[in-house]
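Here's a structure for you.
Just so it is clear, A, B, C and D label the chains in written order, and each chain counts residues from 1 on its own.
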Amino acid sequence: MLSIGVDIGGTKIAAGVVDEDGEIIATTTRSTPATDPEQLETAVADAVAELRGAHEIAGIGVGAAGFIGADRRTVRFAANLAWRDHPLAERLESLTGLPVVVENDANAAGWAEYRFGAATEARHMLMLTVGTGLGGAIVQDGVMLRGSAGFAGEVAHMVVVPDGQWCGCGLRGCLEQYTAGTALVRAAKRRAAAGDALMGPLVQAAGGDGRAIDGPLVTGLAQQGDPGARELIAEIGAWLGRGAATISALLDPEVIVVGGGVAAAGDLLLGPAREAFAQNLTARAHRPLARFVPASMGNRAGIVGAADLAR
Amino acid sequence: MLSIGVDIGGTKIAAGVVDEDGEIIATTTRSTPATDPEQLETAVADAVAELRGAHEIAGIGVGAAGFIGADRRTVRFAANLAWRDHPLAERLESLTGLPVVVENDANAAGWAEYRFGAATEARHMLMLTVGTGLGGAIVQDGVMLRGSAGFAGEVAHMVVVPDGQWCGCGLRGCLEQYTAGTALVRAAKRRAAAGDALMGPLVQAAGGDGRAIDGPLVTGLAQQGDPGARELIAEIGAWLGRGAATISALLDPEVIVVGGGVAAAGDLLLGPAREAFAQNLTARAHRPLARFVPASMGNRAGIVGAADLAR
Amino acid sequence: MLSIGVDIGGTKIAAGVVDEDGEIIATTTRSTPATDPEQLETAVADAVAELRGAHEIAGIGVGAAGFIGADRRTVRFAANLAWRDHPLAERLESLTGLPVVVENDANAAGWAEYRFGAATEARHMLMLTVGTGLGGAIVQDGVMLRGSAGFAGEVAHMVVVPDGQWCGCGLRGCLEQYTAGTALVRAAKRRAAAGDALMGPLVQAAGGDGRAIDGPLVTGLAQQGDPGARELIAEIGAWLGRGAATISALLDPEVIVVGGGVAAAGDLLLGPAREAFAQNLTARAHRPLARFVPASMGNRAGIVGAADLAR
Amino acid sequence: MLSIGVDIGGTKIAAGVVDEDGEIIATTTRSTPATDPEQLETAVADAVAELRGAHEIAGIGVGAAGFIGADRRTVRFAANLAWRDHPLAERLESLTGLPVVVENDANAAGWAEYRFGAATEARHMLMLTVGTGLGGAIVQDGVMLRGSAGFAGEVAHMVVVPDGQWCGCGLRGCLEQYTAGTALVRAAKRRAAAGDALMGPLVQAAGGDGRAIDGPLVTGLAQQGDPGARELIAEIGAWLGRGAATISALLDPEVIVVGGGVAAAGDLLLGPAREAFAQNLTARAHRPLARFVPASMGNRAGIVGAADLAR
């Protein structure tokens, strides 16, 4: 049985036909009309129409950044798209004639890793997607946790530092402010601006202007062995490990999958994460340590997870 | 169908026959032989034998403080009892001839509230048991979360203050160090010892010796309106609310049940908890606020929950 | 004996002739040529020339934001002006023919309050200037503390929250990030952006756009009784009190003078500051509490203090 | 001109005749009658009488742990001795017939280092005495800072972790809870009790009982290269550096002298202190870094400093 997965990103809509083994057998993309919900739906429907031609499709799964209702049909709120309590599934069903479910994008990616990727041998998984922001997905005993309103898995906004760094969500000290790409780049820029000598090579690589430092630059230099870049990534990793330890006190996963752009740093990120996890996990002398593993599905995770959740 | 619930406490074993509506139709107690596992099992078996006489029993559920294996048969570790990787279910089955399941005591109490108590109308519940320590139980979509090793729900050891108060678990800044009865009494004693005038009435009520302050004394004075005692309880409540907000970012429950001895303070505890919860919940403008409600099953929760989980 | 005080601000140079009683008997102003040190010096010299005409002047004191060398002659570093290790006193002496001393502007203001303003009865004073940023001045036993390099009194960059809000200085959790005007406005904007209902009146007063909130708006609404604005100012005040308590553990002042633009909020700021100070001061049962008093010299403090320090 | 210095410790009174070069030319000791002020004074007078026999003495300086009044004559409060607002100088003057000044013991030790020990080339010094607790002394431009009530230099009770570890002083998160011998030993014991493998060698060295770990044991193992003991000392050192950086924002010393029992760890403590100091000092690109140096006067500091302050 085939289904279509749609991954609505800030700039691009990626859609694919996915089989029951999680293989993508056809794909297409559209650009994202971010400010007009109607155009966005038309673009999704158009991509679906293109893919349906050659395949019999049982349903559509759509992954989007934002708060998705527990009914898996409504977008409650999305920071980057023009949706507020928007009946996205109903709209796409009327445009396509196919059953539609909507999922949070981090949940879709997490489900793909659980079903077909890095966590196929686990029953209890935590996935942390470390991109510009921090996403999370929780599988317990084979079930994706969605919570009462559909908002479960918002690891980004656990408060880990009382009175810490202000977050866009209106709180202070959210985990995202210590672990995501934005945090990585901010730390680099602030330290560069203050004349921190360890940031010298990064400033040089940014053409002499610390304000031009970005995430790939940090990761690249770190992989070449630059101590300053490594320290920056290690600090992100350590906070990731601490956050995962606190989550594990609650959820006790057996595997922790780390994906997203910052995860390209590999063990430069995962090493410090594992160490901080072990140091901050309660009762660690009496329990197995969850394994930290890199995600294995890459960019396909969003499409595959959404498609599989639609079945 | 009747089952027996057994609640193994530090000083007392309480057992009861429970029907399918969560009603206890017979009870008995034994004192807890804390240092001898064999005597403890004999005492449980003895209580069961007494209760079985008049009733047909389908099985036994045992609730105990400690880390219980995911198989619901083994006590991995208990701080106050002499168990390490102990096959408690097997031992009790051979003594009683009945099927036995073992549960963490906070999980048992939480399940009772979910099935028959304060959370019967919810599908997603968080229970916080605020006694000497802090216990937690998580129900998601009608299922008790146990985690991969059986250690889920350990809300006590989420780190909420980096480099905060040392915890007996070997970490610093655990939620339990800010929310439980021990934290309440420690704050009172420390402030009294430092000559804090607001602690004056408490010291007086403790016979002039601040070191004699205990939890019921604080709760009692608070209910009489003493500002110092109220401030102490409000601070515990505020941390409970903050902790619940961070848990809700992960789990999105619809109801948060607060039980345990400190919960006797009622709205003196729950009021500040609700306020801090609302202030520390991410996306609170876009979601319903979980309700904070007092537990309604009282001391019966342990027996009833354990019995029901045995069915 | 008369001397001239010069207060070099980001937009305006204010200069005045000051007598031995701290009275200003003549003033003049120039606009600040912020990017050209030479023009700035010419502007100062020009203002001095204007004032000298009618008075016999013994010397010049110049107050400027920045790190001033212990020799009181050199500007080591200034965030907003184009000076790096700049021999300001020497340059102004050659332009004016008068002896010149240079002081940090917060030190100059603090000295004015100590000698002629709110702290005339004290021998040990802490002054906190709560403007856009946070300035500090310390007088111990009648002597202005300058430190080995001239950098003493930088209260802004005491770290009060480990891993807290990033500061422009390259550290995290500096006191300035919790107490100054910038912190006040940032909190208001962040909470407004997150849809915090308590920020509603502020958003309305800002013409419906939370991003237009500024300090005077918050202070104004607070003085009219708006709960949200009062909460924002109270939070700044509480951190001011906490910071002052930590400083007092070190320095044990008898009076704490609070000046700067945010101090216009009066007891809405000072009340919470006093309360937090008392709660966070060590050994408070065994010592007198320092008095928190508003500054009394207003804008004149910079001129008067600089002039007096030149004598 | 000779004077006598008296160092009143918890178990021993040490007294000595000190010349103008800070040399001790005669000493004697008495045991401390901790609970009876009168006996204590008699013991001090007795020691003085013994020393006076052979020397012409100009005055007596007494150093004691506790809060000493700004008049240098009164003990306001002492945690370990039976003094409350006690006129110690007056009492000793009437017993000895010599002029007496009283100083805080950390101040006395700091003054000895400033005048004759590790900081003789400096004008601005911070001394940190890392013993069971944390003591501090501040010299600015050659003057010992005492504050308005005599309580300056209480570095121990600067709050460095909001809501951190409870302190005996009634506050939370005081620097002493992160830097002193008590903190070192508590961390070792807590981690040992939680089964932290890194603490294994320490537990073994303590005869298999983690509760028997003490400071010299940690220092000794650290000097033999044990990673766990080194980590414990490095953590104390790092907090010492952080605290010193925050103090330096206020006071800008040129040298930071580290004494006390824990300082026996040498560079195992000072190395991490220096590193954390550099990382947490504001404007570090624009200023000289204060030097961290070990104290050089050892146990003599208390006698020598008290004697010199009496001149």
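Rule of thumb we're sticking to: a residue touches a chain if its C-beta (ideal position, glycine included) is under 8 Å from a C-beta of that chain, and two chains touch if they have at least 3 such contacts.
Values in this document were obtained by computation on a predicted structure and should not be read as measured data.
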If we look at subunit A and subunit B, which chains touch each of them?
C, D
Farthest from subunit C in C-alpha centre terms, which chain would that be?
B
Over half shared numbers or under half: where do the identical copies subunit B and subunit C land at their interface, same or different?
same
Higher number of C-beta pairs in contact (C-D or A-C) found for C-D
Indicate the whole-number Å distance between the mean C-alpha point of subunit B and the mean C-alpha point of subunit C.
51
Quick one: subunit C and subunit D, Cα centre-to-centre, how many Å?
34
Between subunit A and subunit C, the Cα-mean centres are separated in Å by 45
Show the residues in subunit A shared as contacts by 2 or more other chains, in ascending order.
161-163, 167, 169-171, 194-196, 284, 286
Contact footprint of subunit A on subunit C as seen in their complex
161-173, 178, 186-187, 190-191, 193-196
What part of subunit D is in contact with subunit A in the complex they form?
162-163, 194-197, 284-286
In their shared complex, at which residues does subunit C touch subunit D?
67, 76-77, 122-124, 136, 138, 140-141, 143, 145-162, 167, 169-171, 174, 242, 245-247, 249-254, 280, 282-283, 286-288, 290
